[in-house]
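Both complexes shown next keep chain A, but they swap its partner, so chain B is in the first and chain C is in the second.
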Partner chain A sequence: MSDTLIFSPKPDRPAPAESVGLIGWLRGNLFKDVPNALMTILGAYIAFVVLSWVLNWAIFNAVWEAESRRECLDMVGRSGACWPGVGVWFENMIYGLYPKDKVWRINLGFAVLIAWMIPLWMPKVQSKVAIGLSAVLIYPFLASYFFLGGDKSILWTALISLSLTVFVWVWATALSETFIGKSVGEVVVDKAGARNADEQRQRLIKRGVALVVFLVAVLLVNEWALEEVRTRVWGGLFLTLVISGIGITFSLPAGILLALGRRSDMPVISMLCTAFIELFRSVPLITILFMFNTMLPLFMPQGVEVDQLLRAIVAVCLFAAAYMAEVIRGGLQAIPKGQFEAAASLGLGYWQTTTQIVLPQALKIMIPTIVGNFIGLFKDTTLVSIIGLFDLMNMARAVGEDTTWLGLFIEPFFAVTMIYFVFCFAMSSYSMRLERKLATGRDR
Partner chain B sequence: MSAEKRTKMIEVVGLNKWFGQFHVLKDIDLVVRDGEKIVICGPSGSGKSTLIRCINQLEHHQEGDILVGGVPVEKKGGNVREIRAQVGMVFQSFNLFPHITVLENCTLTPQLGLQMPKAEAEEIAMKHLTRVGIDDQALKYPLQLSGGQQQRVAIARALTMQPKIMLFDEPTSALDPEMIKEVLDVMVELAEEGMTMICVTHEMGFARQVADEVIFMDQGEIVEAGPPESFFANPRFDRSQQFLAHVM
Partner chain C sequence: MALSTEAATPKSSPSNPLSRMWRDARIRAIILQVLTLVGVIAFFGWLVMNTAYNLSQRNMSAGFGFLDVSAGFGIGFTLVEYQEGDSYLRVFYVGILNTLLVAVVAIFLATVLGLIVGLARLSDNWLIGKIARCYVELLRNTPLLLQIIAWYFGVFNLLPRPKQSIELAEGFVLNNRGFYLPAPVPEAGFNIVLITFAAAVIFAIGLYRWSTVRLDKTGKAFPAISTGLAVIIGAPLAIHLALGAPLGWDIPVLKGFNFTGGTSVPPSFCALIVALSAYTSCFIAEIVRAGIQSVSKGQLEAAGALNLPPNWTLRRVVMPQALRVIIPPLISQYLNVTKNSSLAIAIGFPDLVSVWMNTSLNQSGRAIPIVAMTMAFYCLVSLSVSFVMNYYNKRALLKER
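After this line comes the complex of A and B, so read on.
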């Protein structure tokens, strides 16, 4: 054995200095060789020219105070932007023709939505799925009352109260799980001194507390009357957010169901889903919007009038669901057969396999495409302007048709571009963050 | 022999299966008794994987009967899920669930399938992970482990369902030589504890060490079957001799 050689690996050496750090990065990426350096300089020059032109027009040469477009043109001609027109119309671009004294209802509605979702980002909260679902399924009742107002039937009162109750539950859960580390139900049971009581009694206590909250909510809602605001005056960014928000939240679950249906072993379900998807995918959105706008009323019984906004929303939802279905199906195809077999061999059923094994992986793979679709949908809602709804885009056009600001198109469109950019970029950044957060193992 | 008195865990009678027009399994008869270890070998395409995949109905057969623990497997649906819960399976490509941790891979099915509370499921999962030597990696994701470690997790995952029978479908074929041994060691240990096992494998050393019976398949038929000593020493058919000459 004395002949055996001992293998000892060489120690690691640091990487060469020119391949790491800022200098290394510059050398490697911007100034690798002469053509590369020339391209870098040319690119920087083009960026400088474009940026300085835009900045000069939008900021340095721009007019910030004027009474009309004429005044702007007299001051700087076309070399600078005329922002006062956008300023005057800004509120309309955000809220449409929604009565000014009731705009707080829109603000409150969106504030509640944000408040509803904050717990989703609180690290210690456990019940995130339930909170997320409640935001999608329950919040809309409250929001539609904020936005629409009007008389409340008994059912409507109950739904709004339910919505309020759930909102209370969301925050009670968030707080108790963050600060006490227990679910809100356990805290309630503890406070009632029934920690050791049997399960049935504990459930009774929890339900009782929920019922009390609900009844208080009913009393509040009953006292509370908001004047009706017809959807005809809804508009601007608000309308865009309503249509795209509903479209996005509807399209994901509907798309999942359609995709699963299309892959189903049951021929009738598979055929129906395929037919629906192919039909809606092969028709332009604008055609679907027109169809729903003009033809749907013909099929309705006499006297039943479907709100124009609702027609547009239904059209957008169905269209988006068909597209989403194909995205999700792409994700489902990417899951190896072995995953299904492993789940089956462990005795899991169809829905368990789908919800626990397949969908989490498929949705994760498809995050970039799903969010891409969301962004596309958000921008596609500009098409509703064609059937006469005053979304953000149409509102911007209205500025240049105002006699005081006649012909002022570039500035409002520039502003709209910025608004769209902010929303779309936020969605895209969030999706990238989500991808990094969900990364497991080999995939980055 | 006492072996004859042990209960039949698996009984396959007159099994026939076709893929389209291709006759993959021809008149297969097989009995596996409690605690027996069967090794199935044969060239690729001989139907050995298909045979064990019929037992837990990952493949559906057209003719013949399969009884697991005395209960006939109903073709298409019926009691398939109950049967699968009793039969653990380990695949060539591991098939761990990559989106959840190693521990969650082992607790998911007991929680869903057996309605086990989380704490109990974790305790059992950790017990099995410890026995395959992966307990210190429990919170990692499967793709962060080596192939051999992943396969050992797959074995632990199958064991958490407390199966009565374990099926191994070429468990070491996708592994580097250095990792094959760590997986085989776990399988040998499992065999010594008395688990009923059917292994499709080309590891003849393993077959010699643990198998009660070696089955040689070719072209969808069981060519010959017998205890490893006699099978390896004097295979009766020319086909088995040729095969052994290649793999030994």
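After this line comes the complex of A and C, so read on.
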């Protein structure tokens, strides 16, 4: 018994000290061989110089309180930033010259947008597509009344009320689907005690409730009067967001239609779409902006005045649509032919095939490119400054032309660069996350 | 398919000939197209009518007659002779040359920089990779126009006066009036050097072709690239020296308040070039990285199994496959640089959009021909580039079994 050998493994020897832990990581990633080590030292030196210079300038040597640029220069010269100028102009950089007592309208408008979108991130909500579409298609009516104000005609009142009604529906849906697990319609029918009634009666009840909410909204909106704010005083980050928001909202559906048109079997439609896309893609945005700025007044019948902001928005929208069309076309081309054939063999028509089979797949594979396009559009809105609109960038430039802060350019540009960077970087990171979440087993 | 239509026909067969026509896909397509065409023509007709009326109201004309009228304004930076009295056509020409100059210089610098950054991003050195990533993310997530303006107002406009100029090297001077550099002055006999150079280039191309053919046929390699380079550099240099160096350099010198001699470019040009090439280099870096990463590891392992030397692996295995992925987006980046050079107007560099679509348009008031000519130029550039690209794509298409 005792001379039976029992195999008892010795414990593993630890990995060599130089290949684990901090030292191993340093060896593997920074000091693999001599040229690599030299590169590391050079890189570290460059990083150190740049970082220390930026930090010294922006924080340690910076002036935080001063009355004018002269005062800043007397204190630290050019070795430190002069932030008070940016501080004084900060509100203008965000809201433009929008009247100070009406700025709450902008804030409220964007707060409503955020509130509208929150249900999209709530996990139990089912009707996300409808909510997302309503945010894109219905919300703008409400927002434009917040931002513009002024007299409203009957149609305008109806649209704003519709917007409010849909907003109520969005949150009712979000709450009922999260806490009760049913859609709003079912909850309403239950409350009315008509659960067992026939379908027609149920529909009647749902519509009736919607109508009541709408009428209440009309009464509210009718009472509610906001003073008009001319678009001439719009500016800053607000203007940038409005232009790029409208551009993004318009470009996706228009781009889809253009791309479908370009691939259409009908020669006239495909030629027209191709001509439009190629023309707008081959010229720089600035020439399109200039063209619309000088030519739109010529194109319109006499007596029709086109707001300068509107001219810029039209130009940006058409430009963005042409670019988006090519992205979507790339997505459409990537759909294998078998998908079309399968749809045809199920007896689906053109629009059914397109909206239910092809587009969902095409849009999904193109998400990174589409978001990349949105980012490009957001950056390109800076070009409206060239035709004289005071967007975020132009506001930053205006700081250096203010007599108190004459020549103060780098600091506001630095601040504005940070704002642009945060927006663009957030968008691109979000798209990467979305891409990973939506990846459905195509890749190994 | 056939079954379902047969089943459906009796129920929905319309008696009305109009609605029967609507159910025929071919006829429906024709009707739709005719309607679209009519709509588009009506829309354009409406625009033309409005425009004609507005033009007559404002006493403007839409013809091209103004082109030989004297423009009457100066241009700060020109590549060819230009005086204030020259015609509008000349202004157009000057603008085109300036745009092309910016595009060519920026494309060259962006390619070099982008290649370096792209390779740095692939480096197995953690720090270098991270630095390259920061560079790319920071520059491509901020607007180009902002970068151009920041470089102009923040750097090149704040440079010292000519007296305290920064001298980068002998004859290369940077100050707030611009960047001064030596200009080559060809003397008698320099033409021969140029001719030699052209002949050497042709010879090298021929040599490369011959060596490829011989490699395919016999498997014997010939160092065509190094020999060709030696000929291209060596032959003109030898002739140049033999003729007693018939090329002088005109070096800028400080005289009074400014530098004279040599050539110079304005600060706006420097800002534009720096911003444009830095911005584009990020996109090129990403393209290069994606291209090299697209070559699968198995290819490298197969090359290793065949015992190919490393430079052959790179030249004959990795690069041909990576280039197929790299070149199309690279060319569209080049096109973007050309289009983005129009942002020069924001800092007052006289490119095509600035001198033509802005100054000339405001001076002459001929909005329609001027806008049309500008767009025609950009369309021409982009059409020719896409022609080249289609040719390349056809050639580079994978030849599958």
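List of remarks:
Keep this in mind: the second predicted complex is superposed on the first by the 405 of 444 C-alpha atoms of A that agree within 3 Å, B and C clash if a C-alpha of one lies under 4 Å from a C-alpha of the other, contacts with A are read in each partner's own complex, and residues count from 1 in each chain.
The rule is simple: a residue touches a chain if its C-beta (ideal position, glycine included) is under 8 Å from a C-beta of that chain, and two chains touch if they have at least 3 such contacts.
Since the structure is predicted, the reported quantities are computational estimates derived from the model, not experimental observations.
Chain A has more of its residues touched by C than by the other of chain B and chain C.
In the superposition on chain A, A:Met393 contacts chain C only, with no contact to chain B. In the superposition on chain A, A:Arg281 makes contact with chain C only, while chain B stays out of contact range.
In the superposition on chain A, A:Gln352 makes contact with chain B only, while chain C stays out of contact range.
In the superposition on chain A, A:Met266 makes contact with chain C only, not with chain B. Touch criterion met: A:Met300 reaches chain C, while chain B stays clear of it.
In the superposition on chain A, A:Ala342 contacts chain B only, with no contact to chain C.
Applying the stated contact rule after C-alpha superposition, one finds that A:Ile375 touches chain C and leaves chain B untouched.
Of the two partner chains, chain C is the only one that A:Phe409 touches; chain B does not reach it. Once the two complexes are overlaid on chain A, the chain A residues touched by chain B in the first and by chain C in the second are 344-345, 347.
Those residues of chain C that touch chain A in the shared complex are 1, 4, 29, 32-33, 36-37, 40, 47, 50-51, 53-55, 57, 123-128, 131, 137-138, 141-146, 149-150, 153-154, 339-340, 342-343, 345-346, 353, 357-358, 361, 367-368, 371, 374-375, 378-379, 381-383. Residues 56, 58, 81-82, 84-85, 87-89, 91, 93-100, 108-109, 112-113, 141-144, 154, 157-158, 161 of chain B are the ones that touch chain A when the two sit in their complex. The residues of chain A lying in touch with chain B in their complex are 336, 338-339, 341-349, 352, 356-357, 360-361, 364, 438, 440-443.
Residues 29-30, 32, 36, 39-40, 43-44, 46-47, 265-269, 272, 278-279, 281-287, 290-291, 294-295, 297-302, 344-345, 347, 375, 379-380, 382-383, 385-386, 393, 397, 400, 409-410, 413, 416-417, 420-421, 424-425, 428 of chain A are the ones touching chain C in the complex.
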